[in-house]
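Structures incoming, each one as structure tokens.
Each of the next two complexes has subunit A plus one other chain: subunit B in the first, subunit C in the second.
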Partner chain A sequence: MRETASPPTSRKPSGDDGQAAPAARRPFSARLRTALGPLPWISPAIILIAFVVLWPVVEMVRSSFLRIRRSGIVKGSNGTDNYKKLFDEPDFTHVLWNTMVWVVCVVGITIVLSLALAQLFNQQFPGRRVARWALIIPWAASVFMTAIVFRWMLHHSYGAINTLLVDLHVIDEGKDWLGEPSTAFPWMIGVAVFVSLPFTTYTLLAGLQTIPGEVYEAARMDGASTWRTYLSVTLPLLRPAILVAVVINLINVFNSFPIIWAMTGGGPGYETDTTTTFMYKIKASDIGESAALSVVNFGIIIVLVLLYLGVNRWNKEAD
Partner chain B sequence: MADLVVTQETEPPADKRPDRKRADKKRTRPAFLGERGWGRKWTLAVVAWSVALIFVAPYAEMFIGALRPSDELTKPGYLPSTFEWSNFVNVWKDSTLGDNLQVSLLVAGLSTVLVILVALPAAYYTARRRYRGRGAFLLLVLVTQMFQPTALLVGLYREFYNADLLDSVWALVLVNGAFNLAFAVWILTAYFGSIPVELEEAAMIDGASRFGALRRVTLPLAMPGIVTAVIFAFITAWNEFVVGLALITTPEKQPLTVGINSFLGAYEVQWQYLFAGSVIAIVPVVILFAFIEKHVVSGLTAGSIK
Partner chain C sequence: MHDRRVGRLVANTVAVLAAAVVAFPLYWMVLSAFKPDDEINSAHPRPWTWAPTLGNFRDALGVNGFGGYFLNSLLVASVVVVLSAGIAFLAAVALTRFHFRFRTTILVMFLVAQMVPVEALTIPLFFLVRDMGTAVPQIGLSTLGSLMLVHLAFSLPFAIWMLRGFVAAVPDTLEEAARLDGANRFTILWRILFPLVAPGLAATSVFSFITAWNDFVFAKTFLLDPDTQTLPSALMVFFKPDENDWGGIMAASTLMTVPVLVFFVLVQRHMVSGLGGAVKD
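Entry: the complex of A and B
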């Protein structure tokens, strides 16, 4: 795990393992000092993580088995009733399905488009720096505010996208895109792709830069076509970057809240909710049930994190 | 301190640092998009500029929306007949925007200070020494980075309810500080690791104390990493939405991202003010982000990709 977790730019420290063996012969006070040595340096970080990241996990699991009043007061244990209530929700299956469509479509489309964008922005052309700055705006800007402006542009009577589509004769009159789940969901997927593209493209660009120019020379010598070179040389060498981008995006997109919240609020009803927005909505009426859903969500995230750690290790071993 | 092992090999720092010039030189030019030439270069440029335009368009529309006179908000049309610059002045009146801006500055500023104070010693020690539990610590940081406040929202809500910190900006400072810690630890560990320990030792031979050497030699050399960590932590906290939405109920205590919701009324939406507030929130962080653009990926991917 040690190697997996350390960033590549920090050189592997040497001569460490010698520390354990002689330590056994040193007096207890010296050994204690070695063991406690790191604490002044790293304990603030551990304390902060323990209280703000790890403790909420415990609190969340505990709450999922409690009966909690809307005011927040705990009214004793609730056994597994919160989970039963959650799985009996008539909309739960639909929300799960939405979540799967949401995650698979957003991540899939993002990766494919980012592969193309990374190739494009890896080339030399006039004004490349300015063009790359444009790319970072959705990354730096608040996702909630970005989603709000899309909601405005999609407004059925005065939204710019409707105006444009009518002027281009794609549609005859303004459409209420966000009023219908069948059109709202694809638009929200589009916005999620839009805000995921910068990070993904930059990650793939970083991956492209680790590919040495000589392999392209070699491919050209062998007379490989451009497309063939891309499939047989670039893509395999880009695999580590692609895998990391996929897993980080899976986690981000699964947790995505502001886009759906800003554009449809999950509505009409629960038609366009994912498990994340659904969890937030039921928090207002039944926090125990919301905690139960959080635990389910958290289980999914744990699987994704393990996937990330596995990918990280795999990438390091492949080096 | 003498029993601690020196962990760095000698190597010029520039060799390992994510240096801008070096990255440019190293960049490969795949052959498969055809030969270089005048036509190809400009075709690429036109395609790339079109893509750039798509990325700018929603924010341009936001800016135009912020300048619309109120009677032209519900009329279709790409541009308003006049630009109402006074929207940017009037948005402060009759709204909590001023308070929200203060809260955002306070939360982003304090949480960034917290991140740096906590991450600097941890990253320095982790880069310099191999101690027992180093791997476990790095794994903890990596896992933390993968957890997001959204996923832990109910737990955070219950924790701060029990601690009586609901509706308090301190809760936001703590949450943003903790969740932005991982990025800073990665970036700073990489930077400290790239600075040869011999430089510190040389300064100490010249009479500097350990902390003097740290302050005069190591910290200045690690400055690009520190700046990246500071800007990234600030922007992430500035843009944070869901925790602010869930924990803060008093309108005056909400950060900007949550506060602008008051313009989204049930019956009437004050789009011009909504967008004026958004432009005010977005422009500074986009400019800040441009400074750290090149370094962000390595921190977000925990160094898996350089």
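Entry: the complex of A and C
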């Protein structure tokens, strides 16, 4: 499609209104100027992202087909053996299952809680300011440090949460919450929700503030109940904000590494690993296989996001 | 009237409770940082202390080169914030104000770049930085430049996506009027678009600042020289194979969190309106 006359990096103009036809009739110099118009503006971003983000991705894909010694020395091609070895890992299905539970629970709970919090923060009341300030805290603190603090609070003998629960007579004696996969995983999901809440709530709050007051006025005139108004007025108008919140959370939660790494390290064994931490672990023993899992991971998240965007568009058209 | 008062009471209670839950880990972190050793390793931790001590902070600041690490972190984060805001702003203008072929392709490329699993890229990035270092020593291994460059690139996709909504919200007619008045491109960009997009820039700055400031992964990968390190490596000193020095960890974490909180406080006003640009249809 690209014209041979223009430099390879240039983007040919497609006319001011997005159609290709008119550009052809204008003199070459004018065409070139429009073609190069956006270049100085956007090329720094494109060069940086292509070079530092996307090029390593290409390298990652390439090394997933290589036989790589633990020392890092490449021993030639490995065909698809890295992938075969990965899918034959006895723990792989379990780790995939964990990942699914992790993503669905964290994103789902985060969105529901954030919708409620955003609704609350959109009201006028004295405590609002304090609460909004507090909500910023988990955002400002590093995720790794938050996870560390939770691990410390869950410590089986010195932990604050254990002491609190014993004092409230919820449990009889301190528990090793993070030592058992059945209790460690829910706690980690909780921490992941905790760190995802601020961004999600603020995004939804920003969405709520774009809804004009007249819409609610009209709903009230029609005699709609509060709940009914929320479902049929607020939620549909909030769709663009929810879209942004879900996509960003899907990506962040799926790729989330520090929470699991800091709290259980994926242990005991691979019991609480997701594909992201699993990938990091096998990197120590087999770089090629780890690259293969990275490619699989990247594929999964792209498909997840595209699926969500597709469903969203489909819903919109159905309206 | 009575209903409204009850509603307000409920809202206040829920908000204060939520605030307490959300703030508790930070409180516990700061509290633990001030607790003496015997209270930290007590089987009955109390949510207060009668014997606050600066010992843990002394340990944290006593880590060799802590001051230098702090300045390094601040330098990296500041450079990333400024450059990222500038480059993302220009790109967002190009993507909203110019119509050109491959525009959608570029947008998809940015979205895909946002999905890249960072932990998976440490090995290829290590080699990339090493090779760049042979050409330009300032961005090679063990330099702050390499860290700035990588953070800058990784912060761009999200920043551009967010700013796009902002630039789109500024009516074309404003620029048109300025152009008719004889203003050149640069003036239009700097005097008209920039101030109107400022809240969005504040929001994106927060994101690039946090990721650069809190990063462990890249710092661990590129900074091999013990003299050139950022803050996270000072924190790592307190992790021991048997039992961690929790007092030291909490004190170092507190010192690391304070600057981010200050930065947040400064830009908080713009946050909600800042995110508004990202959620417009």
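In the analysis below, the second predicted complex is superposed on the first by the 260 of 319 C-alpha atoms of A that agree within 3 Å, B and C clash if a C-alpha of one lies under 4 Å from a C-alpha of the other, contacts with A are read in each partner's own complex, and residues count from 1 in each chain.
One rule holds in what follows: a residue touches a chain if its C-beta (ideal position, glycine included) is under 8 Å from a C-beta of that chain, and two chains touch if they have at least 3 such contacts.
A quick note: this is a predicted structure, and the numbers were derived from the prediction, not measured.
Colleague: Touch test for A:I211: subunit B only (first), subunit C only (second), both, or neither?
Modeller: The first partner, subunit B, only.
Colleague: Per the contact definition in the header, classify A:N315: touching subunit B only (first), subunit C only (second), both, or neither.
Modeller: Touch status of A:N315: first partner only.
Colleague: If you tally the residues of subunit A touched by each partner, is the higher count for subunit B or for subunit C?
Modeller: Of subunit B and subunit C, B contacts more residues of subunit A.
Colleague: Would you check which partner chain A:R220 touches, where first means subunit B only, second means subunit C only, and both and neither mean what they say?
Modeller: After superposing on A, A:R220 lies in contact with subunit B but is clear of subunit C.
Colleague: Tell me which partner A:M100 touches in the superposition: subunit B (first), subunit C (second), both or neither.
Modeller: A:M100: touches no partner chain.
Colleague: Based on the superposed arrangement, let me know which partner A:V170 touches: subunit B (first), subunit C (second), both, or neither?
Modeller: In the superposed model, A:V170 contacts neither subunit B nor subunit C.
Colleague: Tell me the contact category for A:Y230 with respect to subunit B and subunit C: first, second, both or neither.
Modeller: The answer is first: A:Y230 touches subunit B but not subunit C.
Colleague: Which positions of subunit A sit in both the subunit B and the subunit C interface?
Modeller: 1, 11, 13-16, 18, 20, 34-35, 37-38, 40-42, 44-46, 48-49, 51-53, 55-57, 59-60, 63, 117, 120-121, 123, 125-128, 130-131, 133-146, 148-150, 152-153, 157-160, 163, 174, 194, 197, 202-203, 205-207, 209-210, 240-241, 244, 248, 251, 255, 257-258, 276, 279-280, 283, 287, 290-291, 294, 297-298, 301, 305
Colleague: Tell me, which parts of subunit A touch subunit C in their complex?
Modeller: 1, 11-18, 20, 34-35, 37-38, 40-42, 44-46, 48-57, 59-60, 63, 117, 120-121, 123, 125-128, 130-131, 133-146, 148-150, 152-153, 157-160, 163, 174, 194, 197, 202-203, 205-207, 209-210, 239-241, 244, 248, 251, 255, 257-258, 276, 279-280, 283, 287, 290-291, 294, 297-298, 301-302, 305
Colleague: Which residues of subunit C touch subunit A in the complex?
Modeller: The touching residues are 8, 11-16, 18-20, 22-23, 25-26, 28-29, 32, 40-45, 47, 87-88, 90-91, 93-95, 98-103, 106, 109-121, 123-125, 127-128, 149-150, 152-154, 156-158, 160, 210, 213-214, 216-217, 232, 235, 246, 249-250, 253, 256-257, 260-261, 263-264, 268, 271-276, 278-281.
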